[in-house]
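Should a chain be cited, it is by its letter among A, B and C, assigned in written order, with residues numbered from 1 in that chain.
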Amino acid sequence: MATVTVLSACGGSDEGNNEVPKSSANSAAENTAIASDLQESFGKLPGVTSAEVNYQDNLTSPGSMAVRMQVAVGTDLAPLFDTVTELIWLSELDPLNTIALSAGDGGNPPVADNRTLTPSRDADHAELEELYGPRPG
Amino acid sequence: MSSPELHVSGGAGGTEADLTDLSVLAATSEDLGADLLDIAAACHSMLVDADVLASAALDPAGAAAFEGALLKALDGPHGLSATALRIGGRGLALRTVISNYQVSDQVQAELMRRLDWWEGRSGFFLAQAGSAGLSAALSGDWEEWLTNHPGAIDDFLDSVPGFLGTQDPLQSVAASLGHLWPDGRPVVTAQGVDVLDPSMITPPTSLSDVYAGLAYRNQQSNATKDQIDVRVVTQSDGSRSYIVDIPGTKAWGAPWDDNPSPNDLATNVRVLGGETTTRERAIAEALAMAGATADDPVMLVGHSQGGMVAAQAAADSANGAFDYNVTHVLTAGSPIALADIPDDVQVLALENNNDLVPHLDSTDNPGSPNITTVTFDNQEGSIGENHAMESGYGDAIHALDGLDDPSVAAYRASADQFLSAPGDGTAVQAQQFELDRAR
Amino acid sequence: MPPAFTPVALTTAGTSDATASLIGRGVGQPGAVDETFAPRASIAADLTVLAGGEVTLDVEITGQQRRRRAWFSVAGARGVALVELADDGVELSAFPSVALGRELQRVVPEPSGLAGAASGITAALHGPATREPLSGTLPLSALVEHPPAQAVRPESALGGDDGQAAPHLRSLADDVARRTTGSLICRVVGRSTDALLIGQVQWLATAEDWIALRPVDGPDGERLVALHPVSRTSIGTWVAPLMAELLGATR
């Protein structure tokens, strides 16, 4: 009987060859609670009229923290995003692979902006650490 | 990572694929797989030394390099020490292997479930095992339990009507389906206009702008917040077109308890529906609520299962089952090769060569003028991340705008009622919808 | 191990013979103690993926004369297949996880391969071999309450306004019962943080075609099944929505 070789397409990378699910991160309940607390904090920031977070940790969106905020017309979004980013970075959300922020004022004409960061990638991780220090824990 | 190289096939630019200088692993592995299967005839079994697998010598970058390395690995002096494993009949000595390995909870649960489903005799196993044995089995020591009670499994199997004419495949399928009935129709609720992201308030000017709306909607969705949106694009002459952003389902999963089967396990069991048809109906409802008529042009944008829904809706728009004028489909990570899309629907499908989901159909997309497939090589290291919109497809989406390719250009040009140029007076309003289970 | 591949009790002698045989074939090497057995690294790696995969697929194909099972597990870039062969052998192999669709296809036979000797008789009794593939929609109960070759169908299975089963439904149910020669069930299993997630694709085989069964909720919540003729190569397309949903489930 002839034999066939089938090789796995590892792409030469060792880091992602995770054949066993990670067990060191928070439980879903823990992350949900942390995200919920953060949502409450965001809602109290200056200029923010409402905030909604969506933390997902699944195979398609691992450690993904999305925040969207309704803000008062004229609110400067860049510093708001900085503050929100810092609060997320210094929280105990784990895993934290992606941070996606959106905000809009619903004005006429409407103004909105967004920002995406990928803490799971070295470049963004280093920048965040430089700005806000290491993550807790 | 840096911008990936994109490879385009099909579409108006012709069906000739330019393979030079590209890491198109899927085409490579498909062709290679076919070659290997030819070589191997009916047999497909070889175990590969784990050390060799990890070896950089088998870096598959480049089709020629991959084939060359493979041949060298098989036949050269430092060739793979591969073993064809054939284990005969029931005389397995793998029992000792099992006792050395952790078998995951899901296999354990599956074993229990399987025995139940097979003949619906959920009480049998309990009777055989006794409650102490069963709890030992369920607590994780089940390998040891099975090792010490292999006869129990055989007894159970023997008591089941065998396969030589006495087991009815129809009844067993029907019974299994009855045990695993997925949840049904979603209820669509309008949630008003979404103004919280640039993709929702700025008319899209490029394909990456279109995908950005889908990515945003995908970020807002989860298992309990299943959202889609309809971006109503109004041109300066008042004509309207509709872009529907369809993230993949995030597993509502019907609870096991809904099915007439006792759950003896401590763990919850949820039934996946994977139901594209019910989602398609939800899209139609949302379009109706957004004010689309049967003639307004509609572009369906989907990732993963969302793209499958988009393709199916496009197919159904030709036979009246989806009563809207689908003119364009834009997908990422979706298998659409068998979708029977009508010739007058323009499709652009983005596929990561390392994403197993779009390759599940194991068929190349048709190379027809209306279907453009853009493939690229991005290896994020895990199944999920290779499939995810941000990690798996984000860089390629950005690279798409800069791609100078006739098929992609033709797709863009054909979509001008959805895309605008800055200052041309186009407006957009994004209506958000939530899909809940009817319960 | 997957349920199709349960081990059996071996005597000491049997274990030694089996162990020696496996060692002789290069599957493993002797362990430190007499009866222990250490599989070689490659098998160990494959079994690890099989046990610890992110997604597992379990395929069971039954026919009138045979049954075949296959079990696939994918983790990262790697997939492992455990396939029951026609001659009772078992095959363990590895593949790039992106090729899962192709792996699924290779274990699905043409439906004509499932029909046993009985199908010839069936064809002789019931007409020419080229018949329309089964299609339409039936209550799930009609499939359960129709064992083959039963002459009288209970009226309650099909309903109808006046209690009389609609003739075309009756005829379709009869056809399904009579023409089914086999089945395919593919279950996709994964895990979220708080649940085991299972999805299922189910097909019937007739002598000529595979027929996919798609669950549909009727307007009153009754369980209906839509029948769609499909090609064997479409198995991956039917699995894909379940796989996609699984990948989006909370870990």
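The rule we apply is simple: contacts are C-beta pairs under 8 Å (C-beta built on N, C-alpha and C of every residue); 3 or more make two chains touch, one makes a residue touch a chain.
Bear in mind that the values here come from a model prediction, so they are computed numbers and not experimental data.
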**Complete:** Higher number of C-beta pairs in contact (A-C or A-B) found for A-B
**Asked** So which chain is farthest from chain B, going by the mean of the CA atoms in each chain?
**Response** A
**Complete:** Taking each chain's centre as the mean of its CA atoms, chain B sits from chain C at a distance in Å of 19
**Asked** How many angstrom lie between the CA centroids of chain A and chain C, rounded to a whole number?
**Response** 39
**Item:** Rounded Å distance, chain A centre to chain B centre (Cα mean)
**Value:** 23
**Prompt:** Touching two or more other chains, which residues of chain B qualify?
**Reply:** 25, 29, 33, 37, 43-46, 48, 53, 82, 86, 222, 248, 250-251, 304, 354, 379, 381-384, 387
**Request:** List, in ascending order, every residue of chain A touching at least 2 other chains.
**Result:** 4, 6-11, 16-18, 56, 58-62
**Asked** Of all the residues in chain C, which ones touch at least 2 other chains?
**Response** 48, 52-54, 75-78, 93-94, 96-99, 190-192, 194, 246-250
**Prompt:** Inside the complex, what are the residues of chain C that reach chain B?
**Reply:** 1-3, 5-10, 14-15, 18-19, 21-22, 25-28, 35-48, 51-56, 58, 62-67, 74-78, 81, 83, 88-94, 96-102, 104-106, 116, 118, 140, 143-144, 146-148, 176-177, 180-183, 185, 187-192, 194-200, 202-205, 213-217, 221, 223, 225, 233-234, 236-237, 239-250
**Asked** Which positions of chain B touch chain A when the two form their complex?
**Response** 25, 29, 33, 36-37, 39-41, 43-46, 48, 53-54, 56, 58-61, 70, 73-74, 80, 82, 84, 86, 195-202, 216, 218-222, 225, 248, 250-251, 304, 354, 379-385, 387-391
**Request:** Provide the residue numbers of chain A that touch chain C in the complex, in ascending order.
**Result:** 4, 6-11, 16-21, 27-28, 56-62
**Asked** Touching chain B in the complex: which residues of chain A?
**Response** 1-18, 52, 54-56, 58-62, 64, 66, 68-70, 97-98, 100, 102-106, 109-114, 116, 118, 120
**Request:** Enumerate the contact residues on chain B facing chain C in the complex.
**Result:** 25-26, 29-30, 33, 37, 43-51, 53, 81-83, 85-98, 100-107, 109-111, 113-115, 146-147, 150-151, 153-154, 163-165, 167-178, 180-182, 184-185, 222-223, 248-251, 253, 265, 267-277, 304-305, 308, 334-335, 337-338, 353-357, 359-363, 379, 381-384, 386-387
